[in-house]
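Read through the structure below, which is laid out as structure tokens, and then see the notes.
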Amino acid sequence: MCAEEVLTRSYSYNVTEGTKLGIDGFLSNNRGVLLAFDQGLEHGPTDFNERNYDPAFIMKLAEEGGFNGVIFQKGLAEKYYNGKVPLILKVNGKTSLPKGEPIARQICSVKRAAEVGAKAVGYTIYLGSAHEHLMLEEFGRIQEEAHAHDMAAIAWIYPRGQSIQNDIAPEIVAYAARTGLEVGADAVKIKYTGDVETFKWAVKCAGKTKVFMSGGPKARSEVEFLRQVRGVLDAGAVGLAVGRNVWQSSDPLKIAHYLKRLVLEDRSVEDAMKN
Amino acid sequence: MCAEEVLTRSYSYNVTEGTKLGIDGFLSNNRGVLLAFDQGLEHGPTDFNERNYDPAFIMKLAEEGGFNGVIFQKGLAEKYYNGKVPLILKVNGKTSLPKGEPIARQICSVKRAAEVGAKAVGYTIYLGSAHEHLMLEEFGRIQEEAHAHDMAAIAWIYPRGQSIQNDIAPEIVAYAARTGLEVGADAVKIKYTGDVETFKWAVKCAGKTKVFMSGGPKARSEVEFLRQVRGVLDAGAVGLAVGRNVWQSSDPLKIAHYLKRLVLEDRSVEDAMKN
Amino acid sequence: MCAEEVLTRSYSYNVTEGTKLGIDGFLSNNRGVLLAFDQGLEHGPTDFNERNYDPAFIMKLAEEGGFNGVIFQKGLAEKYYNGKVPLILKVNGKTSLPKGEPIARQICSVKRAAEVGAKAVGYTIYLGSAHEHLMLEEFGRIQEEAHAHDMAAIAWIYPRGQSIQNDIAPEIVAYAARTGLEVGADAVKIKYTGDVETFKWAVKCAGKTKVFMSGGPKARSEVEFLRQVRGVLDAGAVGLAVGRNVWQSSDPLKIAHYLKRLVLEDRSVEDAMKN
Amino acid sequence: MCAEEVLTRSYSYNVTEGTKLGIDGFLSNNRGVLLAFDQGLEHGPTDFNERNYDPAFIMKLAEEGGFNGVIFQKGLAEKYYNGKVPLILKVNGKTSLPKGEPIARQICSVKRAAEVGAKAVGYTIYLGSAHEHLMLEEFGRIQEEAHAHDMAAIAWIYPRGQSIQNDIAPEIVAYAARTGLEVGADAVKIKYTGDVETFKWAVKCAGKTKVFMSGGPKARSEVEFLRQVRGVLDAGAVGLAVGRNVWQSSDPLKIAHYLKRLVLEDRSVEDAMKN
Amino acid sequence: MCAEEVLTRSYSYNVTEGTKLGIDGFLSNNRGVLLAFDQGLEHGPTDFNERNYDPAFIMKLAEEGGFNGVIFQKGLAEKYYNGKVPLILKVNGKTSLPKGEPIARQICSVKRAAEVGAKAVGYTIYLGSAHEHLMLEEFGRIQEEAHAHDMAAIAWIYPRGQSIQNDIAPEIVAYAARTGLEVGADAVKIKYTGDVETFKWAVKCAGKTKVFMSGGPKARSEVEFLRQVRGVLDAGAVGLAVGRNVWQSSDPLKIAHYLKRLVLEDRSVEDAMKN
């Protein structure tokens, strides 16, 4: 299936109205499926194939797939964003190359994010890193600037570094979620603990900060991935930011369709997968 | 006892008038009991149960319990603060995850603290840390900004790091208290030494800087905790900032009631605990 | 052949019109050959001989050779730039002397680059260095300033440091190219992988960010060098930034002539080398 | 002798006129005895007893004892300074707790120092520390700001850190004195070498920068201390900044009286000690 | 010979006109002899004797000796500069005490340098130091500020630190000279390689950036020193900055006289030394 074919089927979901401010500007009934495409900087092109390396393909996929938002770094937003899907601009980032305690600093100003039309800024905090304080401080400043520009501030909170043994241990995931609330994030993107009960606790700890599951690497099967998503929804999350599990799929619109039925229509996995 | 029940009993204490500026804006006859709830960032949700994780519960507890102030990080203040109890906004913080010499940097601007209605800003200085100078410097700037916004500046002074053997040794606690005075804090929050005489010296060394005891982890019994508080009052402190010993209690309003009789009415432990 | 003689032969290429903004201000039909002369700071005078050490010689060579642009550090631009060839001002730099993880910081302000008439700023990012985050952050700020001054921002992306085993491994070169796109560079200057297929992937990953090959050290023969250039063109690059392979040549204008026929007229190596 | 009694005896010295600008605003015929009280931050309360811990006692002592100036950190100045003695505000400081190369950063802004009525700012530079450059840089900025506010800039120059074997070696003390001159200090506060001849050289090296001896720890006897002071005066210093040798004395006003006769009236030790 | 006698003999050289801007404001026919006196901070008073420690002596020497400029740190300029000789203000500096990789940061603002009447600012870059990037960056900013104030920017470029084996190796000296040109210095102050041919290469590499020899420690004899100077002139340098070889001399005006005949009148060593 060529790229053209892949993206020709259209689904009838309405994206949330673009004039709402902040995080409500891109949720549908307090649920959302975001298409993440910041892997080019974070992981490098090893994640890509001949089709999905192309931001234009992803932009079209975000549009045709009816995603609630698309996540780009500044360069992609400036060169490929077409305004048809809400934009979440990732304002910090790093490559996977340096060793040592992780740190990512601001690459895009909040003002620039507003200029390219972002509804929200995203910022990664490596919790537990020896540089944690630098990222907490920088997020604190960015969150205030984003709100001054009527944009939401979303924190990617990833526990990482020598002090972290297991980044999906329930108490660590709950700590990540809570940190998002404490530092004033409108939403937090965290990994799934793997079971509903422990993730429910993380969602509770995030309070009024909305929780998105981080999609993570490609799952072994679609059904397995959808069950994870069902789990995070049952736990109270508003949705997920998904990248590889969609655009590494041979049929990205199909999995997007399943995800929307699951997340936006709150169906069961089985029901979502029916055509 | 469910959360609703827990907070329905009302006590007749009057909170200090909200129009006073600075630290007198939230003390009662130069005494005060502050409800601390910055543990979500500092310790993570391991401190919480199904009731007390919720900032709304804490906000209601602060109100119903007649506390002189409630201590929140920016995120909690922005999403849960209702203006019914004076707000102390903690403007720096860290998680308990990173190893190495402790450091916490500013996460909330003083301007933002003023906008959400704070009466005071709180800032933690890890005395003796290899990064002590960065925190002394940052507090120095924040204290001046806070005063320019008619807010008090409260220093949490915690001796910590490789150079500190015993953070409640009398000379260390007195040093912490004195540092608060020297750097211009309106109040200092320090640990109890464990006995009245040595803490009296710390309070003296703090001079016109008011001393709050740091509540610390949950005590073995209520009476033991109240005796500690009685000790710090006898030593000259103006009160305490208490968190876990209240909201980890099965009856938080009861312990709040005891604390107010002890601190605000200056009663004995035995008298305070009579119903 | 003396310096005078070397530069007297003129070729009839028209340089791109100087009034276009950004990177199109110095490309010819989306192709370009840039004359790099920032080696004086990066490598020191060991690269130079009695003729090519002289920026005036290089300036004249850029003009007579019909290059699309000349690359100078601030000092050379201020003292030797004559406005007859588009200027790319390299705004950071380092010497080759310090050991340890590489880092180069901003030496020339974007405002100053604009004042001396630059069409673009160049900035080196040592990908994988322990200081990568400082350079990504600084480039992010400079890119925005450059665009505000109607200048292009070109990223030299060089994977280097302890974490990099082989800086021309295909996946590393592709990662460098992609990073240029992600951080908003208008063009990226990267090393050649050595074969067309793998470099094609790098060029694809760079998307709308134009790719220049980094000329590198003097090749064993002209034909070998030209075949490398032909390879990068076949892979989709817009051209190259070349220094030593031109100005270390005994006949710089001849090799410049070859390069233009190859790059700007898109000829074969054999055809380009015909007189 | 209680605190009240201690400070009731008055001496008839006139403090220098408060309207003069800069360092002449607090010298008497180019001589001065300053009462240092920044030990609360630098050493902690271990230096204090039940009387001298109190800044109000020190403020009264400075006034009754006719000192040329009193040295406070920001917090003491804001809460205890009464305007009756010229104020030197110490704008940086550290505790004695952290190990490693010493560093003290700015805690009080120059603007704030001016607002509380300071005639001069004081700043400590740990010469030879691995962080020396940070303090030289910060002092450079503060000196310029202080002069813009018509305040003097006094440098406490203390050679310290792994590279310093003996901080009162004549060549080290002379280096400290000279550094004060080179970096633009109006006065320098340095340790005594122990003999007149070597200290004379240090004073010469300080040129037009006035030299104050640093009082240091309590001497074994009053006469021994006064002989040190006599030595520094004979060497050309303008006086001293004295703390512990006055306020740790059982009769601070007596030693203050001796010091003024010695320093301001330029008497011999024997003559100064006559009643 | 006492200080008074030393400086009474006058020579009839005219200093360059003070109204010219930039580096031409203090050269004579593109040649210059600068009197360096920043050793008080860089080396400490061990370089001084009872006469030459005194900036007033040096100021008079600069005037009577007809030097093209005098080099002071901020403190000396503010307290001793009399406007009779062009002033080069050294705006960064360090002591010789700290071990480890060398670094010197800005101590005097460019604005302040302009206020005290400087014609140029001087800044030291320790090439090859692990902190090289911080100094290259700071010089870059200062150079632009200096030019905005119509002052020249002179770079002292000293290869130093663990990565430097021999700081007068020809390729290292040429690298230092070239760095001055690349970063936009109007003049560079570097060490002599020891022979004309290799220094000629360094001067060539400096291009339009003028080269001053760094005077260095006292030579074994006057004639040996003058031969070094003759060598750097023959190599194309514009002159030297000389300190110890003048003011450690028993007859500073005599050696100044020789230097001016050598440098400004371009005589041979033998001719210059004739009376």
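By written order: A, B, C, D and E. Residues from 1 in each chain.
Just so we're on the same page, a residue touches a chain if its C-beta (ideal position, glycine included) is under 8 Å from a C-beta of that chain, and two chains touch if they have at least 3 such contacts.
The model shown is predicted, which means the values in this text are computed figures rather than measured ones.
Peer 1: Regarding the chain A and chain B pair, does the interface count as same (over half of residue numbers shared) or different (under half shared)?
Peer 2: Both copies touch with mostly different residues.
Peer 1: Counting only Cα atoms for the centres, state how far chain B is from chain D in Å.
Peer 2: About 36 Å, centre to centre.
Peer 1: Distance-wise, how many Å sit between the C-alpha centres of chain B and chain C, to the nearest whole number?
Peer 2: Once rounded, the distance between the two centres reads 59 Å.
Peer 1: Can you list every residue of chain C that touches 2 or more other chains, as numbers and ranges?
Peer 2: none
Peer 1: For a quick check of the interface rule, what order do the chains take around the ring, beginning at chain A and passing next to chain C?
Peer 2: Moving from chain A on to chain C and continuing, the chains are A, C, E, D, B.
Peer 1: With touch defined as at the start, can you tell me which chain D residues reach chain E in the complex?
Peer 2: Residue positions touching the partner: 127-130, 132-134, 136-137, 139-141, 143-144, 159, 161-164, 171, 174-175, 177-185, 201, 204-205, 207-209.
Peer 1: In the complex formed with chain A, which residues of chain B make contact?
Peer 2: Where chain B meets chain A, its residues are 38, 40-41, 44-46, 48, 50, 53-56, 73-76, 78-80, 93-95, 97-100, 103-109, 112.
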